[in-house]
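This is the structure, below, for whatever I ask next.
The chains carry the letters A, B, C and D, assigned in the order they are written, with residues numbered from 1 in each.
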Amino acid sequence: MKEQEIYADLSAKFGDKIIEFVEEETLNPTVIVKPAALDEICNYLKDSEDLQFDSLMNLAGHDADGESDLSVIYHLYSTSIKHYITLKTFASRDTPAVKSIAKIYRTADWHEREAYDLYGIIFEGHPDLKRILMEEDWEGYPLRKDYVAAEFYRGMRIEKVK
Amino acid sequence: MAEFIFWIIWVLIIASAALVAFGNNLIHSVFALMGTFLGVAGIYIFLNADFLAVTQIVVYVGGILVLLVFGIMLTNQITTARISQSSVQKGLGVLVVLGLLTIILTAVLPHDWVGSITPMAFNETVEGIGRLLFTDYLILFEIASVLLLGALIGAATLARKEL
Amino acid sequence: MGRLHAEEMVLNMGPQHPSTHGVLRLKLRTDGEIVSHIEPVIGYLHRSFEKHAENLEYQMVTPFTGRCDYLGAMGSEHGYAMAVEKMMGIELPERVEYLRVIFAELQRIASHLVALGTFGLDVGAITPFIYCFRERELILDLFEMASGARLLYNYIWIGGLAHDIPPGFVEKTYEFLDAFDKHVAEYNQILTGNKIFIERAADIGVMTPEIAINYGVTGPSLRASGVNIDIRRTQPYSIYDRFDFDVPLGEGIHGTVGDSWDRYYVRVLEMKESAKIVRQALDQLPVEGDVKSAIPRRIRPPKGEIYFRSENPRGELGYYIVSDGKNVPLRLKMRSPAFSNLSVINEIGQGFMISDVIAILGSLDIVLGEIDR
Amino acid sequence: MIQSLANWILSFDILAGMGNPVAWGLSLFVVSALIFVFVALNAIVLVYIERKVSAFMQVRLGPMRVGKFGSLQTVADALKLLQKEDIIPQMADKILFVIGPWVILVASVVTFAAIPFSDTLLAANMNIGLFYVVSISSIVVLGIVMAGWASNNKWSLYGAMRSAAQIISYEIPVGITLIAVVAVVGSLNLQTIVIAQGGTGNLFHWIPIPLPNWFVFHDPFLFLAAFIYLTGATAEINRTPFDIPESESELVAGFMTEFSGLRWALFFLSEYANATLVAFLVSIIFLGGWQSPFSTYGGAQVGFSILTLLAIMWTVFVKIKAKRLSIFPVGLSLVITLCAWLFPGFALWLASPGLFWMLLKVASIIFLLMWFRWTFPRLRVDQLMYVSWKVILPISLINLMGVAVWMWLTGEIQF
C-alpha cells in the first residue's frame, strides 16, 4: 500500500489523533501522530489485515534545536506486504511523555530505553524504563542539543566537547 | 623406619579426628575426615590387609566422603562459604566418652601386648578373599551384587537426557 | 517425574568473560544449571558515536562508522556512504559500485568466518577458529592491498572510494575465490557435520519467525528462522539487482527451524553466495572509471531526513540521518543489527542450560562495538 | 625396586653400617623423588608437545622463540609461574585453598608407584596394583571439590560440582571395564597383567592373523573394552570432549579460575600426570605394556623390515614435500635390518627393551588424547551424564559378560 493510502486509512480510523501527513522529496513519507495515541495506532497498524506492519525497523529520538519539542520517529515495515511507513510524534521538552509500544513491538523495548537514555523521553507503560547505554547514575540526557556535561563524573573530569 | 611411619599415621588419625570433632567449620570437618580415613587405610596395611586398605580408600574417601561433601554443599546456600557448627551438650558428651574409654581400657590394659607380638609374614589376601566370596559366601555376594545392580539402574534412570 | 526447584542464584556472566564476545554482561538467574532469566547489561563499550557524529562533518563520520561494527567495517561505511549519497542525489560511476559490492561481500565473508570460528570456540572446538582466521587473513590481505588497513578502512567515501584498487588485486581475489570453496568443505568436515557439534547446537535456542520479526531480529539470524528477508533482495540497493545469488534459509536439518545450528549453517551457505556475488562482480567489473570523480567538493545534503537500510553481515544496518542543510548532520542514528539481535536472547534462551546460553549467544553473532556504539 | 635399591646401597662396604631401616628409608625417598621428577619433567615436555601438536593441527607454528624450535618455552613458562605473586582471594577459604591443589597433585603422583615402566623398572610390585591405582585416583575428586569450594566463586563451584559428578559417574563404567581384564588375567597385579600379554597368537584366538598376545586382540569384547576405557578415562581426567569442569568458554576456567602462579601450575602438573597415567594404563592393560610387539625370532626381523619400509616412505614424502633428499634414516634402518636378518639374536636384543616400547605406546595414546582435544567440540553437562549412564555403562556390563562367555567358549576357563 502506498503511504498516502495508509494515511487516509489511519485518519479515517483515528480522526484527530492523526495530525498530518508530510511528504517531501528529501523526506521519508511521514505520518505525524499524537504521542498519547501511539499505542493504539501501532496496534491497529500491526493487526489490520490490509497493513500488517509486523516489524519496527527503527525508533529514534530527535531534538531539532534545543528549544522546540522533542520528537520520536518510528520506521515501520511489513515483512509480508513489504511496505513502509514512518510515524513521528512530538513531546514537550519539559515533560516528554510518549506512549510505549514495547509490548507491541519488542524491538521497541531497548530502542525506547535508548531514547530515554539519550533524550530523556518518558515512555509510558514501558516494562523496565532505565538507562541502557550510559551509566545508571549519569546526569542529563547527552543527545539533547542543550545538554551541558557535568564537570565531574564520580570524581573523574569530563572533557568538554567543543 | 616402619615404626616411624606407623607413628606418623597414628598422629594423622588422631589429629584429623580431633579436627572433625572440635572444628567449627563444617566443610573443614568433612575434609579432615579424609585424613582419618586415609590413616585407617594405612593401619590396615600394617595389619597386612592390603586389599582392605585400598577398599577403605575407594569406598570411604572416593564414595562416602564425596557424598558427604555433596550433601553439605547442596543442602546449604552455596553462596555463603562459612558454615559453622558448635558442640552442644558437652557435659553429656564427656560422660559418654569417659564411659567408653573405661570400657576400652579395661579390655586393653590387662593384656601383655609387647610380648605377644610375633611378626607375621606378608601373605597376599586378594586371592583368598576372591575364593571365599565365590565359595562360602556366594549367596551373600550375589545378593550384594543384585543390590548394587539395582542401585546402578536407579542411577541410570535418574540421569535423564532432558533435565 | 517432578522437577526439583532449588533456590535461584544470580550469576554474573561478564563483563569479563571469555564467551561474551566483548564487554557484555549477562545477568543470569539460574536454578542449578538451568537458566530461568537472562538480562543483558550493555553499554560498557559506549563511545558516543551519535554525539560525535553531530559534531563532525559528514565525511569525517565515515571512520567512526567502521569503528562501530569493527568486523564489518566495509559494510558500515558502504551503508553510510549510500545514505548520504541518496540524500544528495549523487550518481556513482559504475566501477565504484562494483568495487563497493566486491568489498562489502568480501567483508561479509570475513565477518561470517569470525562468527563461525567463535561459535565453534564457544562450544569448545578450538581448531575451526584458527582455520576460519586463516581465510579471514587472506581477505584482510586484500583489504590491506586496497586501503592500507586491515580492520578499519575508511575506504568507501561519500561519492566514491579513497583510492582505486592496486594492480594485481583482481587476480588475487580470483585466487582467493578459487580456493574458498575447498575451505568451506573443510569447515563442514570439521565442525558442521560433527556429531557433538550437532548435539550442542541443534534444537537449542529455537527462534520462531514471529518472535524473530517482533524482536526486530535481522540478517542471517532471521533467515535461519525461515523468513526470506534479505534487503539485498527485497529492496535492492547499490547494484545488487544485477547479481544472481540465492538467499539461504534455515531448514532445520538437524532439529527445529531457527535453532542455533540453523543460524550457524545459514552463515556457511551465505559465505558461498557472497563468493558467488564477488565472482560475478569481478567478471563484470568495468576497466575504466575514476573512483573519485563523483566525490562532491562540499558535502551539504539538503534539508530533510532519511532512513536508509542496507544488509550488513549481521543484519539490517540502518542510518537515520537528519540534515538541516549544513555540513554537519543534525542527527545521525545508527540502527545497529546486533542491538536488536541481542535483545531476543532472554526470549529464546530461557529454560536452557548455561552452556546453551553461550551457544545461543555465539550463534547470534554479536559485536559489542555496534551494540553500544 | 625400593628393596633392590636398598640392597644395592648396603652392598657398598662404607655404607653397610647405616643398617637396613635407614637404607630402606633412603631408597624410599629416592624412588619417590624419582617419580615426582618424572611427573614434573613429563608435564613440561607434554605441554611443549601439546602446543606443537595443536599448532601443527591448526596450520601454525607454535612456540618458536625460546630455544631451538621453542623447545625451552615451557621451561621459561614454568619459571615465570614460579615467580608469580602468590594470590589468595580475600574471601577464599584460605586453608582449603592452599591444600586443594596439593591433594590433587599428590593423588595423581602417588599412583605412579604401581606402574611398571619395564620388566624391572617398577617402584612397588603390588599385588593389588590396578585396584590401588583406581582407588587413589578417586581422591582427586575431593581435591577438586576442595579447590572449587575454597575459591568462593560461583564459577569455581560450578566447575567443581560438574567435575565431581563427572568423575564419579565415569568411575563406574571404567571400573567395570577393568574388571573384564582382571577376569582374563586373574590378577590385579599390573606386572602380572603385562607378563600375561607376552608372545604372539591369533587375532581373537581363532582368526589366523598373527598378532601379539595383547588383550586388545584377545577377543572382540576386550577390543571394544579398550575403546570404552579410553572414552571413560578421557572423561575422568577432564579432557576435551569431556573438559566440562574447566570449559574455558563457559566457566572461565572452572575450579581453577581463582588460582594463579605456582598453585595453578600444580593443577597443570596433575592434569598431565593424569593424562600420562591413563596412557600408561591403556598400554599396560590393553596394549601389552612393556612387551615388545616383535619379541620372537622372526618377529623382530619383520619388525625391522617394517621400520625400513616406513623410513623409505618418509624419505619419499620428504622428497616430494620439501624437495630434498634425506638419506640418513633409510641408510640407518637398512643397516639395522640387514644386521637383524644376519644375526637373529641381535635383532631380538634390539627389539626387546621394555622401557622403549612402553614409552612409545604411552606417547601414542597421549597423542590420541591430544588429537581428540584439538578436533572435538565439547559436550554439554547433561549429555555427558547421559553418555556415561545410558550408553557406556550398559555396554560395559554386557562386555563383562561377553568376556566371560568368550573365555568359556575358548576353553580358557572351565566350570
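By our rule, contacts are C-beta pairs under 8 Å (C-beta built on N, C-alpha and C of every residue); 3 or more make two chains touch, one makes a residue touch a chain.
Because the structure is a prediction, the values reported are computed rather than measured.
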| item | value |
| --- | --- |
| Those chains which touch subunit C and also touch subunit B | D |
| Reference subunit D; chain at largest CA-centroid distance | A |
| Selected pair, greater C-beta contact count between C-D and B-D | B-D |
| Chain centre separation in whole Å, for subunit D relative to subunit B (CA means) | 30 |
| Rounded Å distance, subunit A centre to subunit B centre (Cα mean) | 70 |
| Whole-Å gap between the CA centroids of subunit C and subunit D | 45 |
| Subunit A and subunit D, separation of their C-alpha mean positions in angstrom | 65 |
| Multi-chain contact residues (two or more partners), subunit A | none |
| Where subunit C touches two or more other chains, by residue | 9, 33, 353 |
| Residues of subunit B engaged with two or more neighbouring chains | 78-79, 160, 163 |
| List of subunit D residues in touch with subunit C within their complex | 54, 57-60, 154, 158, 240-241, 243-244, 247-252, 374-383 |
| Residues on subunit B engaged by subunit D in the complex (per definition of touch) | 1-2, 4, 25, 27-28, 31, 34, 50-51, 54-55, 57-58, 61-63, 65-66, 69-70, 73, 78-79, 81-82, 124, 126, 152, 155-156, 159-163 |
| Residues of subunit C touching subunit A in the complex | 42-43, 46, 48, 50-51, 54-55, 87, 213-216, 227, 229, 234-235, 301-307, 309, 316, 318, 320, 322-324, 330-331, 333, 335, 339-340, 343-344, 347, 372-373 |
| In the complex with subunit C, residue positions of subunit A that touch it | 24-28, 54-58, 60, 62-64, 73, 75, 79, 82, 86, 105-107, 109-111, 118, 131-135, 142-143, 161-162 |
| Subunit D partner contacts - residues on subunit C that touch it in the complex | 9, 11, 17-19, 33, 120-127, 130-131, 134, 190-191, 194, 196-197, 199-200, 353-356, 358 |
